[in-house]
Amino acid sequence: MHLAYPAVLAVLLFCVGVYGVLARRNAILVLMSVELMLNAVNLNLVAFDVWLRDVVHSGQALTLFTITIAAAEIGLGLAIVLLVYRNRGSSDVDRLTDLAEPPEHGAPGHGDGTASGAGAADGTAADQNAEATA
Amino acid sequence: MNDTLDVLLRLVGVLVVFLVFPLLVGQTEHKVMAHMQGRLGPMYAGGFHGWAQLVADGVKFAQKEDVVPAEADRRIFQLAPAIALLPYLVVLIAIPVGPDGFVGQALDAGLFFVLAVMGVGVLGSLIAGWASANKFSLLGGLRTAAQLMAYELPMLLTAASVAMAAGTLSLPGIVESYHWWWTPWQIVGGLVFFTAGLAELQRPPFDMPVADSEIIFGAYTEYTGLRFALFLLAEYAGIVVLCALTTVLFLGGWHGPWSDGLGWLWTLVKTAALAFVVIWLRVSYPRLREDQLQKLAWTVLIPLSLAQIALTGVVKVVIS
Amino acid sequence: MTLTALAALVPLLPFLGAAAGLLLGRRAPGFVRPLAVLPTATSFVLAAVVAARQGTGDPTDAAHKLADTGSAPIYLALHLDGFAVLIAVLVGLVATCVQLYSTAYLRDDPRYPSYAALVSLFTAAMFLVVYSGDLMVLLVGWEIMGICSYFLVGHYWETETARSASIKAFLVTKLGDVPFLIGVFALAADAGTFRINGILTAATHGQLHHPTVIALLLLAGVAGKSAQFPLHTWLPDAMAGPTPVSALIHAATMVAAGIYLVARLLPVFTASAAALAVLAAMAAVTMIGSGLAALAQDDIKRVLAYSTIGQLGYMAAALAVGDRDAAVFHLLSHGAFKALLFLGAGVVIHAAGTNSLTTMSRTGSLAKRVPDAMWTMGIALAALAALPPLSGFFSKESVLRAAEHASAGDTAHVPQAVGWTVFVAGLAAAVLTAGYATRLFLLAFRGSGPDAPDHGRQPVVMTSVLWVLAVPTIAFGGLAYRELPDWFGGAPLGPTLLTSVLGTGLALVGVLITYGAWKAVAATRLAVPAGAVVTAEGDADAEPALVEAEAIATHEEVYGDIAAADDPGDPGRLLLGRLHRHAAHGFHLDALYGALFVRPVLAAAQLVRFLDRDVIETYVRGAGGAPRLLGAAVRKAQTGNIQTYLSALLAGAVVLAVLVAVGG
Amino acid sequence: MNHVAAHHPGFLSPTGVEITFVLVGLATLGAALLTVTTRQLVHAALWLVVALGGLAVEYLLLTAEFIAWVQVLIYVGSVVVLLLFGLMLTKAPIGRSPDADSENRWVALGVAAAAAVTLVWVVVDAFRSTWVDLHGVVQGSSHATGESLFRHWVLPFEALSVLLLAALVGAIVLSRRDGESAGAGSTSGTGKEKS
């Protein structure tokens, strides 16, 4: 078999994963895309391992490790996502912009009717969540 | 050509087993439960002791309207029973019945294959619960998934113990290397495996996720007719698979007197005996609460299975 | 203990006292007074012992190399000769008196600890200047005095007057110090050493290459420190400081330092006839101008300040005619009576509740209230006016004698014209001196009218100090003029018949004229009340310093001018006629300076401020604005959206990969 | 590889395995594309199952049998279940979510496409004529994999167990609700399952 087939498939899967990571809004979908990227790498590892007929099977061993780490990653990642969801009522990646540069003239408060859309949505979501947990 | 015919024959055999055995188990359950509870059970269908009751049930299910809730995710809703059922069919391929290749397909990593594919079955319940657009279903689905994840671990660990003992992952290979003293050696593992399997099948007393009196049959609340029957079928197929696996892994499979000729019979007998135990347990024990379920898995079964692995390892080193 | 060690202790003790006072001042108030008085008094005793042991013997020198500069090493050098030890005794005496006086004068001042420590430091610095045998070390003391004078003059920093006076004193003396410093370096460069002995040897042997330049540069510093025309303007304003500080500055330390330095370095000056001429002109202008100004001042302390300037002019004149013996003689006797005058003025101000002579002339009871001050000040004023047989007479006669000697062309290196200038100016100044001394006495103690508010009995310490100082005022000149030539190793200092007759006669003329004028305007004085006059009413037990501070602070409000009062009953007004107004303002020298220097400097500062704010700042703002705009643009990229960041990151990675793939 | 170079097949001489590989690969790729583009969140997870299963088949075709079953066991059996779990706990709606993709999608598309073009170009350029020999000793049997794993990779394997333990502890710690009563319903119960 041509090595190009698995290699190209891996590349395409990886890029699909890249697209998902960059474009998806829901954090869990982002995690799925990450899994796709990891699997693309795994495919590469396996294909090259078979091609090279590696005596120590480093490719397959590394694939196993990657799968294990991916499982651990997904566990932790989901725990984080659930925590975020619990605290904010949303798991949208592009709403988690606490590290953004604050607006020039200070964000209007919650009581302010002119609150920006995202800020208001966040605020109300957080409020609802607070009520729900209270 | 011969090969193709051989493969075809094997597959047909597996299919037949898959279609017949679960029904047998179901019928047995009817009768055994009835007798254990001091009642007659259904007696009319077919005449003799109501032998055709299951067939009648099937006809009834087939006649019922296949309702899909308006809010449900239609395709997934319809797909879920198949996802729940198919893995057991696939698993059956790899389970050896008798010596000398009396098996659907001997796989190098058969044990692994079996466990992996059985793990897929959980998806069926999960998406069934979600796709029903019913909060009881969702809760049931979540509980099912949680339970399966929890009991998967002791199951895998005890299976690993057997694989260590046999030195192979191939199911026929495991049975071949069986000795009588394996049963006492792996007895703890066997019990854990069987218990965990019961829990995976959501059989009583581990049927909290589908408890009809608590959450209205959990993930299957919205299912009617044939699709519901498929879920039931998956459950009984699961019993068959579990009992067969336990037989193969812990009870020596075809080993027994006159095993050269009657090996397949030994396997079937042992499987049937285990299936009887499964039914017996359903009648004997009350349902465990959800938290008790989790607690049993995490605080009893997993430590026990780890201890079994340790024991296996020690003995293996000693005798080698 | 060796002489050197004793001499070293003299400046060291007040210095340690000052350090201890500054450290302990707040924590142990009980130690402050002993720490102020005892080291100074001990130094005085030690200075006297050093003087006695040094005596008329050869100069004592001791040196320890302090720093090797590569060309002219700096030595920690002591040089003890007749001048040094005698001036040190004077410094010790005056400083001790001032410290004693201050204990009473500033008894309740919360800042007394730092004040006393600064006075001690001042004294130490002056001792250092006097004893130092190295110009660099001398300069250290010189600058310490400048700093201390800044702090001490500004003691009442709550008042605007004191603040500006202290800054003025500092700036004007620094103005002189800068050329002085250059002069010192030029001198050292020419002579190859900072040691004064070496410099003098070089000067005597004519090894200085630029004697005129150096002498003029040094003269600038001397004029600043010793308040000679045209850098004298800080001194009258420095009267805003407490009276003891004025006494210290005027009598023995700061102003004496300049004269002492010229006396020490006289060979450098005599090497240049031009420098002597300049010095003589300076002295002449100073003497006459200050006499006229003193005659017009209303503030009793300002009168004394101008008199100090005038007497320093005498000393400078003596130096101009090459007679440092006379100069130092006059310095010594002047130190004694001027300290007495200032300390007495402090008592008077306290008693009168004002520093205005106009007000005092309308106050009847002052003579009765402070008899000690009246008698001692009377003696001191007579000494100031050079009436025989007080010490001022002898010392001034020695100056006049030297001038006369020079005018006859008998002094080497000194041009005859210089001698004549000095002689004539000295005689004219004698008249003026007698005049303003008489005016001061008459206005202060011979006033008539209602009693001033009573401020209680004068502290015994203050009055007794006055009598202590009265002793040298009376006796020093007569006793010392025969001995001093032995100490100084110079020509006789005794009065000659011609100068005695001329000087005394002119002084008497001045006294009589003033008295006549005073009598002449008596009627006017009685007729014209001095308006809102009396200040510092109220608490009878108020601290003297407080009374003075209030008097200084309110003077301008009441009389409209810190220097003068528009009083038709003032004899000085009658005598000066139209000149009075100009004299009262120090001949508008301050205004001239204001126009010549202050305003251009302020304008330049305005220009600089404009350039800085509107020109340079524009560039700075522009330089800041561009990055800020850039930052704002870049900041827009910080959306907080991880996916955006990741996109950019991966896009960059792709670009790099392409570059590597293509380029590699 | 060298010993097969003599009868090196041409670039376009597909064998049966290759055809299967390509077909399964296309299915996998399609499923992956649907995973990242579908607007129904749970469908994305199910498409992910298909994609991962397809990859397992590809592993089988590459004779890496053990890896294939591990893939099924871990990914399909656990990871996807966890993902579904997460979706359901975060109240994933049934039907299309209009905002499944962020504003960033065109940039993402550009970056992904550029990366794909670049990498495909590079990979094809590099491995155009490289041939994988799938005959002979099976490369990925459980025996071979186990031997290499426990003969050459024991230390990394053990290190990995520590990592898993750390992840377990981390997930538990993250899932605990501080300051609330312990019996907080099903979420606290399922929190354990994530590890």
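In order of appearance the chains are A, B, C and D, and numbering begins at 1 in each one.
In this section, a residue touches a chain if its C-beta (ideal position, glycine included) is under 8 Å from a C-beta of that chain, and two chains touch if they have at least 3 such contacts.
These numbers come from a predicted model, not from an experiment.
Undergrad: Taking each chain's centre as the mean of its C-alpha atoms, which one lies nearest the mean of all protein C-alpha atoms here?
TA: A
Undergrad: Roughly how many whole angstrom separate the Cα centroids of subunit A and subunit B?
TA: The separation of the two C-alpha centroids amounts to 35 Å.
Undergrad: Centroid from C-alpha atoms only, then distance subunit C to subunit D, rounded to Å. What do you get?
TA: 94
Undergrad: Indicate the whole-number Å distance between the mean C-alpha point of subunit A and the mean C-alpha point of subunit C.
TA: Averaging C-alpha atoms per chain gives centres 83 Å apart.
Undergrad: CA centre of subunit B versus CA centre of subunit C: separation in Å?
TA: Comparing mean C-alpha positions, subunit C is 113 Å from subunit B.
Undergrad: For subunit D, give me the residues that contact two or more of the other chains.
TA: 66, 70, 78, 82, 85, 87, 89, 92, 102, 104, 107-108, 111, 115, 119
Undergrad: Check each residue of subunit A and list the ones that touch at least two other chains.
TA: Counting only residues that touch two or more other chains, subunit A contributes 18, 21-23, 93-94.
Undergrad: Hunt down the residues of subunit B that sit against at least two other chains at once, touch-wise.
TA: none
Undergrad: What are all the touching pairs of chains?
TA: A-C, A-D, B-D, C-D
Undergrad: Note which residues of subunit D are touching subunit B in the complex, please.
TA: 40, 42-43, 46, 49, 65-66, 69-70, 72-73, 76-78, 80-82, 84-85, 87-89, 92, 94-95, 138, 141-143, 186, 189-190, 192-193
Undergrad: Residues of subunit C touching subunit A in their complex?
TA: Residue list for subunit C touching subunit A: 635-636, 638-643, 646-647, 650.
Undergrad: What does subunit C use to touch subunit D in their complex?
TA: So the residues of subunit C touching subunit D come out as 641, 643-644, 647, 650-651, 653-654, 657-658, 661.
Undergrad: Quick one: in the complex, what on subunit A touches subunit C?
TA: Listed in rising order, the residues are 18, 21-23, 93-94, 96-101.
Undergrad: Using the touch definition from the top, list the residues of subunit B that touch subunit D in their complex.
TA: Residues 71-73, 76, 107-109, 112-113, 115-117, 119-120, 122-123, 126-127, 130-131, 133, 138-139, 141-143, 145-146, 148-150, 152, 169, 290-291, 294, 298 of subunit B touch subunit D in their complex.
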